[in-house]
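Chain naming follows the written order as A, B, C and D, and within any one chain the residues start at number 1.
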Amino acid sequence: MKIKAGIVGATGYAGAELVRLLAAHPKAEIAAVSSVSFEGEKLSDVYPSYKFLNDMVCENSDAVIEKSDVIFAALPHGLSQELAAKCRAEKKSFIDLGADFRLESEEEYTEWYGGTFLDKKLHEQSAYGLPELFRDKIKGKRLIANPGCYTTCSPLAIAPAIANGLVETKGIICDCKSGVTGAGRKPTQGSHFPELNEGFHAYKVASHRHTPEIEQTLSKLAGKKVTVTFVPHLLPVNRGILATVYADIKEGITFERIRKTYENYYKDEFFIRLLDDGGCADIHNVRYSNFCDISIHYDSRANKLIACAAIDNMVKGAAGQAIQNMNIVFGIDENAGLVIVPPAF
Amino acid sequence: MKIKAGIVGATGYAGAELVRLLAAHPKAEIAAVSSVSFEGEKLSDVYPSYKFLNDMVCENSDAVIEKSDVIFAALPHGLSQELAAKCRAEKKSFIDLGADFRLESEEEYTEWYGGTFLDKKLHEQSAYGLPELFRDKIKGKRLIANPGCYTTCSPLAIAPAIANGLVETKGIICDCKSGVTGAGRKPTQGSHFPELNEGFHAYKVASHRHTPEIEQTLSKLAGKKVTVTFVPHLLPVNRGILATVYADIKEGITFERIRKTYENYYKDEFFIRLLDDGGCADIHNVRYSNFCDISIHYDSRANKLIACAAIDNMVKGAAGQAIQNMNIVFGIDENAGLVIVPPAF
Amino acid sequence: MKIKAGIVGATGYAGAELVRLLAAHPKAEIAAVSSVSFEGEKLSDVYPSYKFLNDMVCENSDAVIEKSDVIFAALPHGLSQELAAKCRAEKKSFIDLGADFRLESEEEYTEWYGGTFLDKKLHEQSAYGLPELFRDKIKGKRLIANPGCYTTCSPLAIAPAIANGLVETKGIICDCKSGVTGAGRKPTQGSHFPELNEGFHAYKVASHRHTPEIEQTLSKLAGKKVTVTFVPHLLPVNRGILATVYADIKEGITFERIRKTYENYYKDEFFIRLLDDGGCADIHNVRYSNFCDISIHYDSRANKLIACAAIDNMVKGAAGQAIQNMNIVFGIDENAGLVIVPPAF
Amino acid sequence: MKIKAGIVGATGYAGAELVRLLAAHPKAEIAAVSSVSFEGEKLSDVYPSYKFLNDMVCENSDAVIEKSDVIFAALPHGLSQELAAKCRAEKKSFIDLGADFRLESEEEYTEWYGGTFLDKKLHEQSAYGLPELFRDKIKGKRLIANPGCYTTCSPLAIAPAIANGLVETKGIICDCKSGVTGAGRKPTQGSHFPELNEGFHAYKVASHRHTPEIEQTLSKLAGKKVTVTFVPHLLPVNRGILATVYADIKEGITFERIRKTYENYYKDEFFIRLLDDGGCADIHNVRYSNFCDISIHYDSRANKLIACAAIDNMVKGAAGQAIQNMNIVFGIDENAGLVIVPPAF
């Protein structure tokens, strides 16, 4: 019997991507979808590419919880805590694609998002769903905080070096470039085609909410507080994030050792593709898939490690990783439904 | 046991797309691939998006024939006839994505392509692989001429009206717009990013080789010679063709009757999605899939039928349709491996 | 002394393009700009590319009329008639980039736009500002109806053949493709980057408001009523329209004669560039300029003329042509401020 | 009388852009153009956007030198030294858009480019043409080394802070993103539309030839050796470079002081537009113009300065700056021909 998956917020971009990916999952099926804006309307009226393939009618979140074994919530920040509590009461698994459960420190949550933890126990029972780094913590959990897009690729780029103490934990820079789907479905002046097309700029420089989340992940790996400088930029493409991460190599550490460490660290990770020397991670090569391509480079003149990580922000950076987490939670093959060959063009 | 599929010309765009799609086919597997330009090299060195997912080494065409039950040939025009003969000798099925077997008239082939029919019997044993229109002719055949991209969407747009005698067979216009993958992998000045990007133009106006093929298909449906005006244009997008087809409605025929005829004609076709009144077929909604979206429109002032058909030129216009033909030839579910939800963005 | 030009609706796309082009005009200067949405704000706050080059503050339309010799109105349809009356009262020239004065028939205006002619005399005193076709009617006028974008390139493509009776006036098809700036500055779902990018579709098929305007122009040239089938499509590019126009060549007319007629018809037109045989008009080559590139093609099999015309929809299709009209109205060099080399990339 | 300008290598992208910009220059005119690949052909056959506006026939470099007062060389690296010697012999001014005269150290030139200085005196007589930083050195010179694209925007982004000792000279990172025209006119697999479109990646990580040139400029400003980490990336857009530069702020220096320093440093520079707090430099806003938009940002958590500089790589990064240098060399208004309002879309 297939896992019954429900999607709350199915008409947003992350929700819509869950619909697309779950349609090809061998062991799960979509039981119900909800949308506040489009309740009572067909999903395929919002996304005509789904016509005849998923013509489900959007319901409300209560209906989704009732019909599902696992509930994915793809909601604006701040709306997931209450939903998570309901799911726990109904003994349903809950995978949150929003930010409500990502930060362990309530203080940081309040500082960056302005809210509070409604039920501290819920937070304690949750796990941060970045499987390649914290798989053991995810197993057995029913409440998963799915990482954000920047917060998936930035740590993955540098994790092996941080976890093994090969680079300094001070002065790390994450210069990230994201496709525009990361900003969601709602049209804005900044995503209006004539103003974004042929343009490129940074935004929320050193003030983006993903900053503390990246630091939380790296600090856990380092075993001490890591601070990063994080600058996101907006690319005129639909999908993909490239994180270019800079770190000072510790004295006495060779680049050869770093490469070996990366190879060893990721050797069993299906979704991480470490490129050979000379390769450069390209968002073009991971589109529509759950892969994270990583290339590492050495600046011998400044003795810096430069690591590039490319993901599809809507898959490994959102819906795909959420399904990966579902697979872990339900104890099935972690790659189920996610073995997708990225298109060559 | 899975069907063993071989691809000759696997490093061209149509070949590479076959690799991507066959990887997800439940009842077929890739047995061997060949490439003249990259013999001895890994497919994933040419297309890094395939890394770790298909690292097969390109062999030569003889090796492909030997190892395969069915051979897909994605070659420049003129190179398939000899290969088809070899496959027949070896009793292997052969699906040709090139033009060598598409035209039934040798005279027309010579006029438009400059070659001759090397073995007339081979041509007589072949079938033209546009399943929605000629499914019965495909069943039981071992040699399939897979239609070109323009020659799939243009006829599908107007077929119901032609086959049922609702429009005049004279004066039909096919104004088509194609993404640039249709021109293949080889870089040219015209596909150089800065010169194609933000541009749009017609090419080979009323002189493109797909003209006689479109006419051949429509003439069969009409039961008499149909001549079309065909003008292709180049879109600054990767994938997709939109055909906008204009035809004069015969006296006494209402648009309502035309709509009913379309609904009936395509009611059992999984890959045809006829849009409701008011909808307009968009290449955005069929990308990476084998679907053909069709919208029909009425110009009451000029009493014309305007039909728009959108396909992914590399899937329904090439590799996907080839697999659909393989499924028919091998008697398995026609949709096997092709039930793909097109991404919403 | 320079002509004082005022722009009502300066923060819309056509208004903003007027600002850009007038900045380089040797004999005109911008006296004032207005905007309902941004009154009191700087133009360069709305368009940061204008920073330090035009930091004028948006006023209201009365202030613009008072300070200007000529008023350009770039307003939504229906808002220009009152403004035109005010300008006449103040003896100011008025160039309307909207549709209010384009149609000579009030009946057609009511049918397609839903309004009425508030002051019939005003309409009689206006001229339709397509200089290449109606230059003599523009001279000496103070009220100019600047044509729409589709209604500039479609008639220019076919005018020589129509005016000289070389093609049939029945069954003409205008298959047009426009960049997205034609839809204006306001963000919508359809112009949201992820949904337009990599997409292409027709819209308002055979029902777009520019239809009667194209017919009005062609009917004048033909000396009898011409009906056209007009289908616009949306291109994922910022700027440019390509009109592909199809017409049946009259019996006994050779293509050579058509070419000679085109050459003769446009031989003194600076902004028309008739391409040599084999060339295809490309929107890429006219971007940011007032040029209209035209290529003509012969379908010998169907005996049709196919004419392609490419313009920048915001320049020759809006602001540039408006300035060309201003130059004519003020009796200065028609090309003043408009001799711009289109960028090669 | 106008300055007679000649262009050697006029059919490359930088040469073609010189043609476009010089056409609008009030005090200069193009006297001759040359091209090795297209000698004897019309420029407008290579770039159809120039049709009727510049139909000059490409000659050879000797003809260009003979007919011109100033020679612009837009050649592959290594071909300018001989040409410069000829120009000196003929007492013509020479502005080199290549790299041959950019580096003052022959040792560095040999290390990064593999050549030698053919005539050391020539190098001593040359000036590095980045006017905003070295205007006084350019005046009176006849041989100008026009900076590369990355080497214009990266130093301009950080110059005020470096020149005034506000940031550390160690650990500076230049994370740059360039449009594809930077790679020139020759089609390659990497610039083939389907493979670049919807892609983004770094290249030549920490090994690009512009590295020593950036360091040379910053070292001069700092008065001591500065080393930078330079990583270029390729954007799927035609034009523009964004440099995001990171530097550690020295102890005791406030961000307010940095902002004041920037304001003061650039207060008389027409082509530098320092954005207000909250603004982010965007390549969209400088396209087709000679402007450099700069925004500065403070990372209070890591005490870093982050400066973004946006230029059009083909204008301020090549042809426009070359004309700016010509204006200085000839003692005319430095902005002549370069007061261009960047298009809003």
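In this section, a residue touches a chain if its C-beta (ideal position, glycine included) is under 8 Å from a C-beta of that chain, and two chains touch if they have at least 3 such contacts.
This is a predicted model, so every value here is computed, not measured.
Novice: Suppose chain centres are the mean of their C-alpha atoms. Which chain sits farthest from chain A?
Specialist: C
Novice: Pick out whichever of the two, A-D or A-B, is joined by more C-beta pairs in contact.
Specialist: When A-D is set beside A-B, the one with more contacts is A-D.
Novice: Chain A to chain C: how many Å between their CA centres?
Specialist: 47
Novice: Taking each chain's centre as the mean position of its Cα atoms, how many Å separate chain A from chain B?
Specialist: 37
Novice: Distance between chain A and chain D based on Cα centroids, please, to the nearest Å.
Specialist: 38
Novice: Residues of chain C touching 2+ other chains?
Specialist: As it turns out, chain C has residues touching two or more other chains at 13, 181, 194, 196-198, 236-239, 282, 284-285, 287, 345.
Novice: Once bound in the complex, which stretches of chain C touch chain B?
Specialist: 171, 173, 175, 177, 194-203, 205-206, 211, 227-229, 231, 233, 235-240, 242, 244, 246, 248, 280-285, 287, 295, 297-302, 304, 306, 308, 310, 345
Novice: Provide the residue numbers of chain A that touch chain C in the complex, in ascending order.
Specialist: Going through chain A, the ones touching chain C are 13, 179-181, 185, 187-189, 191-194, 196-198, 236-238.
Novice: Touching residues of chain A toward chain B in the complex: what are they?
Specialist: It comes out as residues 13, 16-17, 19-20, 23-24, 47-54, 181, 198, 238-239, 273, 275, 279, 282, 284-288, 293, 314, 339-345.
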